[in-house]
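In the part that follows, the structures are each spelled out as C-alpha cells.
Next come two complexes, and both contain chain A; in the first it sits with chain B, in the second with chain C.
After this line comes the complex of A and B, so read on.
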C-alpha cells in the first residue's frame, strides 16, 4: 500500500503528467475566480481533451482543474461579494464584510490557508478511507440522508442570530427557501408545481442565478450607495494582513479541522453536495461562538465565518471522490462528469481501483494535495495585488461586477430566463438586507429542500414508518434536537453568567 | 398607536400572500405532490402574520433586527442613498433590457461604456474597459468554450 502511495506521487511528478496538471490548475484558477464559469461546466467542456491522454494524465488534468476551483472562488467571494462558485457563497457573508473593513488581505490569507488545510484533510480522508468506507456509506440509506438534511435545516437556528426577532425571521426565510425548492416538477407524481405554465420552471430554480442574485445585487447596491471603493476610506491590509489571516487559521485550528471533517463527510454522502457543506460548516462556526456577543460578530466580518466554509468547500472534494472511486456512485454533478471520464479512459470504478489501479487512485490523492499547495502558494504571492482591487473606485467596479454577475447567471443554463431569476432573487436579497432578515437560512432551505422531499418519499415508500426506528436515524434525530436547542442553552448560560458577574 | 406601514410590514404581507397562494394551489394536487408545499406554507403564513403584527406601528429603524448578515451603509444622506439606489436599480434593469434587445455581444460593451461615461469616467478608460469586456466575453465564452449567446430580439425581428 505504501509503495503504491509513493508510486502515485512519482507518476504525478513525471514531466508530461506534471505539465497537464499545471495546465489544469491554471484553468481551474481562472474558472474559480470568474463567477461566469462553473467548475462542473468547465469539467464537462474539458472532457473531449482527455481522449489522447493516459488515465494518470487525464485525472491529473481534470482533478487539478476541479480541485482548485473552490479555492480561487473564495477569493472572488471575499473581494467582490459575488460567489465565485456556488460552493463559495457562504464565504461572502464574513469575507466580504472583512474586505469592506479594509481587512481583505487578512480574509484572503485565512480563506486560502483554511482551503489548503481542508483540501489536505479531504485528500488524507480519501487516502485512508477507501478500504474502510464501504460499510460506512452502505449504512446511509435514504432515511439517514433525509435526517442529515433535516440536521442541516436545524442549523437555521444558528444562522439566524438571537437578538430581537432574528430567529422568527430566520425561520420565515428558511421556510421560504424550502418553498422555493418545491418549484418545478414533483418527482413523485410528475405534477407541475408553481411553474405558471413556464417550461423554464419545470426543472426547478437553478442554484447559480439564485445565489448570484441574492448575494451580488445587495452588494452592488451598497457599493453604488456609498459611492466609494469596496474598502471605502479604510487602508487595505498589506502583507501583514495576509499573514494575520494565515495565523487566524491556526488560532482556530480545531474549528478548521472540524469544518474540514464536516465537508469531507458531506462530500462522501451522495446527493448533498458542496453547497450544503459550506453552509453546515458556517453554521458550525457560528455555534462555536462563546456567547451572544461573540455570535453577533458573525456576518459583520468575523474571520471564523471565513475559515469554516473555506475549509469545508475544499475538503468535500476528497470526500466526493470516495464513493465515486470506490463504488462508481457520484456524490455530485461534478463527480458524475468525472465518472464519465473513468469510462472514457477505459476504467471502471469499483474494487479494481483499490487493487489493480491503486497507483492511479493514489495519484488522484497527490493531485488534490499538489494542486491545492500550488494554487495557494501562487494566490498568496499575488494576494496584495488582488487585495488592491478593493481600492478601485466603485463606479469602475460596478459595471464589471454586473457584467460578471449577469453572464454567470446566464451561463448556468444558457437560458435568458435565468437573468430574470437572478434579478428577482437580487431584489429579494436587497429587501431582506434592508429589513434586517438573514439570507443564509433561505439559501440553506433552498439547497436542502429537494433532498429532504425526495429522501422522505423514498424512505416512506421503501420502509413505511419503520425507518424512524433505524438506529442511525434515531441518533441523527437526537443530534438535530441538540443542534436546535444548543444555541439557546448557550445563550441562556451566557446570560446567567453575565448576571452572576454583575451581581 | 397609529399603525404605520413600513417595508417590513410589506415584506411580511408579500410572504403571507405567497404562502396563501401556495396553500391554495396545493389544494388541486394529489396528496404526495401537495404534502410538502402544505407543510411549509401553513407555518410560513402564520410566522409571516406574526412578523407583520409585530412590525405594525413601528418605524423601519425600530424593526430592523440584528441579522447574521451584512447591513447596508447608513452613514450617508438618506435622500442621496435613495437616489443612488434608484439609479443602480435602473441601471441593472437597463442592462437586462439591453441584453434582451441587443444580445450579450453588443449589450456588454455598450453598457460598460455608457455606465462608465455617465459615472464621469474619462473617454479612454471607458472605451478601454468596454473593449476589454467584449474581448473577454468573445475570447472565453464564444471562441474558447463555444457557449451560445442568443441574438437580441431586435436582430431576431430583422431576421
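After this line comes the complex of A and C, so read on.
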C-alpha cells in the first residue's frame, strides 16, 4: 500500500496532469471567491470536459477545482461578510468582525492557514482510513446518523448565551431553523408543507439565498449606517498583518487539529451535507473558551472563531471523498456530481477503488494536498493587498457587495424567486441582530432539519423502538447530553456571568 | 438631390437586409436555449449537455446551444415556462420529468401545461425498472419472494418515486409481503442501507442499479414491461398482478418510462424549425461520437420520435374518470 501512496504522488506530478490541476485550481479560486457561483454547479459544468481525459487527469482537474473553493470562499466571508460558499458562512461571524476591527489581514492569515491544515488533515484521514473505511462507514446506520444530527442540534446550546433569556432565544432560533427546513414536499406522504401554493417552494428553501440574505444584508445595512469603510473605526496604519494570523493558527494548534477532525468526521458520515461541519466546529471552538468572559469574545472578532470553521470546511473535503469513493454514496451534493465523473471515466466507486485502483485513490489524496498548498501560497502573496479593501469607503463598496449578493442568490438556481427569499432572510437577519437574537442556531437548525426528520422516520419505521439500544446510539446519546449541559456546568462552577449570545 | 439619392439608397439597403438572405439557413448565427428542469449534474442535465454539444453539427447553420437549468417543482416550473413563456420561434426547447404526464392526469396543482399541445421533438431514452434484493438473501426467484415469512424491506426516497411505487404496486396488486421505508435522501444512500442490511433491497431505474447488480451486491428479480437486454428473462410486474385494475395501474405507471428523456419545443413552433430540430435529434442519436461518449458515461440512448411520444402521452391521458380517481390514490407526484 505504501508504494501506491508514493505512486499517487508521482502520477499527478506529470506535466499534463499538473497542467489540468492548475487549471482546476485557477477556476476554483474564483468560484470560491464569488458568492453564489457554487462549487457543485461548477463541478457539473466541468463534467463535459473530462470525456477526453484519463481518470487521473479528470480527478486532478475536478478535485483541483473543488478542494480550493472552501479556502477562497473564506476570504469573501472575512472581507465582506458575505458567505462566498454555503460552507463558509460560519467564518463570517468572527472573521468579518475582525475585519471591522482593522484585523482583516490577521483574519485572512488565520483562515488560510487553518484551511491548509484542515485540508492536510482531511487528506491524511482519507489516506489512512482506506483500509478501514468500509467497516467504518457501515457502522453508521440511520439511527446513528440521526443521533449525530441531534448532536449537532445540541451544540446550539453552546452557540447561545448562558443566561436564561439568551439560551431561550438560541433554542427558539434553532427551532425556527428546523421549521424553515420543513418547507417543501415531505417524502413520507408527498404532502406540501408551508408551500402556500407556490411551485418554487416545493423543493424547500435553498441554502444559498438564505445564508447570503441572513448574513450579507445586515452587514450591508450596518456599513451604510456607519457611513465609513469596513475597518472605518480603526485609526490609520493599524491593519495587522497576515503573518500574525498564520502564527495564531499555530498558537491554537490543538484547536485547529480538533476542528479539522470534526470536519473530517462529518464529511465521512454520508448525507450530513457540507454546511454542517463548519457550525459544529464553530460551536466546539466556542466551547473551548476558558471561561465566560473568554466566551464573550466570540462573535466580536476572536481569531478562534475563524480558525475553527476555516479548518473544518476544508477537512470535510477529504472526509466527503471517503464514502463517495468507497461506496458510491455521496457525502454532499458536490460529491453526487463527482460520482457522475466516476461513471464517465468508466469507474465504479466501491471496493475496486480501494484495491484495483488504489493509485488513483491516492492521487486524489495528493491532489487535495497539493491544490491547497498552491492556493494558500498564492493567496498569502496577495492577501495584504486584499486586506486593504477594508479601507475603501463604504459608499464605493456597498454597491459592489450588494451586487455580488444579489447575483449570488440568483445564480444558485436561475430563479428570480430566490431573490425574494434572499430579501426575506435579509430582513429577518437584520431584525435578529437588532433584537439580540443569535443567527447561528437558526442556520444549524435549517441545515440539519431534513437529516433529523428523515433519519428519525427511517429508524422508527424500520426498527420500531429497538434502535434506541444500539451501542453506538447509546454512546451518541451520552455525548449529546454532555455537549448540551457542558456550558451549564462551566457556568455553575462560578465563573463570571456570560450573558451574551453569539450574534 | 444628392442627399435624397443617398437617403433612398440607405432605405433600400435597410429593406434589402430585412429580406431572408437567399441560401442562408434558419439557424445561421443563432443561439438556441435548451432548458433543463433539473439542477446541474443529474441525469437529465447530463443528457442535455451531451446533446447540446453534438446537435449543432446536425442543424444547418451550426447554431450554438446553451443549456439553462430551471429546477423546481419536480420540473413543473420548466414545463410551465416552455408552455407559456418561451417564444415558439424555434430558438428554445427543453426537457423535463417524464412523469409529468401523470401530474397532468391527476390534475396536480401548479400544472399549467397540456403535454399534447407541445411541439414534440422526441425522447432520448427509455428506462427499464427492476426490483432487486440483496444477493446474500435466500430469495432467488419470484416464487421465493411469495413464500417469505417476514416482510421484505425496500428502501425508498419518497412516496412519489419509483423506488417506492414499484414495490408498493406489487404489494397492493400482486399480494407480495413487502414493506417500504421512505426518507432516504437519494438512491445511493439506499444502496448503502442495503449493504448495511438496514433494508433488503431497492427497486428503481435499471440504469442506476446496473453497477450494483454487476458488482454482485443485489440480484434483480422482477422487471417492468419496458425492458433492457440483460433483464429480458425476468418476470414482468404487470403479469404478476392479480386483478385487471392492478394490471392497468401498473401499465399506466410504466408508460411514461418509454419516453424517459422527453424533449419538447413550445406549442406553435413553426413547421420549418420543428422539421430541422426533429431531424437533428434523430441524426444526433446515431452520431458515432455521441454514442462513444454515451457508452463511456453510462447514458443509454434509445431514441423515440415525436409521433411515438405523442401516442404514448395520449394513451396515458385517455383514461376514464374512475381510473383517474384510482391513480390519484396510488400515484403521487414529487420532486
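The rule we apply is simple: the second predicted complex is superposed on the first by the 485 of 503 C-alpha atoms of A that agree within 3 Å, B and C clash if a C-alpha of one lies under 4 Å from a C-alpha of the other, contacts with A are read in each partner's own complex, and residues count from 1 in each chain.
One rule holds in what follows: a contact is a pair of C-beta atoms (placed from the backbone, for glycine too) under 8 Å apart; a residue touches a chain by one contact, two chains touch by 3 or more.
Because the structure is a prediction, the values reported are computed rather than measured.
Judged by the touch definition given at the top, the superposed model places A:336 against chain C, while chain B stays out of reach. When the two complexes are superposed, the chain touching more residues of chain A, out of chain B and chain C, is B.
Applying the stated contact rule after C-alpha superposition, one finds that A:141 touches chain C and leaves chain B untouched.
By the touch criterion stated above, A:188 is placed in contact with chain B and with chain C alike. When the shared chain is aligned, chain B and chain C each come close enough to touch A:414. Touch criterion met: A:457 reaches chain B and chain C at once. When the two structures are aligned on the shared chain, A:47 is found in touch with chain C, with no touch to chain B. In the superposition on chain A, no contact is made by A:22 with either chain B or chain C.
By the touch criterion stated above, A:199 is placed in contact with chain C alone, chain B being left untouched. Comparing the two complexes, residues 45, 186, 188-189, 414, 453, 457 of chain A contact chain B in one case and chain C in the other.
Across the interface of their complex, chain A is touched by residues 39-41, 45-46, 49-50, 53, 68-74, 76-77, 80, 109-110, 153, 157-160, 181-186, 188-189, 191-193, 195-196, 198-199, 211, 214-215, 293, 296-298, 332-335 of chain C.
Interface residues of chain A facing chain C in the complex, by the touch rule stated above, are 40-41, 43-45, 47-48, 51, 137-138, 141-142, 184-190, 197, 199-200, 202-203, 270-271, 323, 327-330, 336-337, 339-340, 343-346, 348, 350-351, 413-415, 450, 453-455, 457-458, 461-462.
Note for the complex: chain A touches chain B at residues 34, 36-37, 42, 45, 93, 96-97, 100, 159-161, 163-166, 168-172, 175-176, 178-179, 182, 186, 188-189, 191, 193-194, 217-222, 224-227, 286, 295-296, 298-300, 395-396, 398-400, 402-403, 406-407, 410-411, 414, 416, 419-420, 423, 426-427, 431-440, 449, 452-453, 457. Only residues 7-8, 11, 15, 18-19, 22, 25-26, 29-30, 32-33, 36-37, 40-41, 43-44, 47-48, 50-51, 54, 60, 63-73, 76, 81, 84-85, 87-89, 91-93, 95-96, 99-100, 104, 108, 111-112, 115-116, 119-121, 125, 129, 133, 137, 140-141, 145, 147-148, 150 of chain B touch chain A when the two sit together in their complex.
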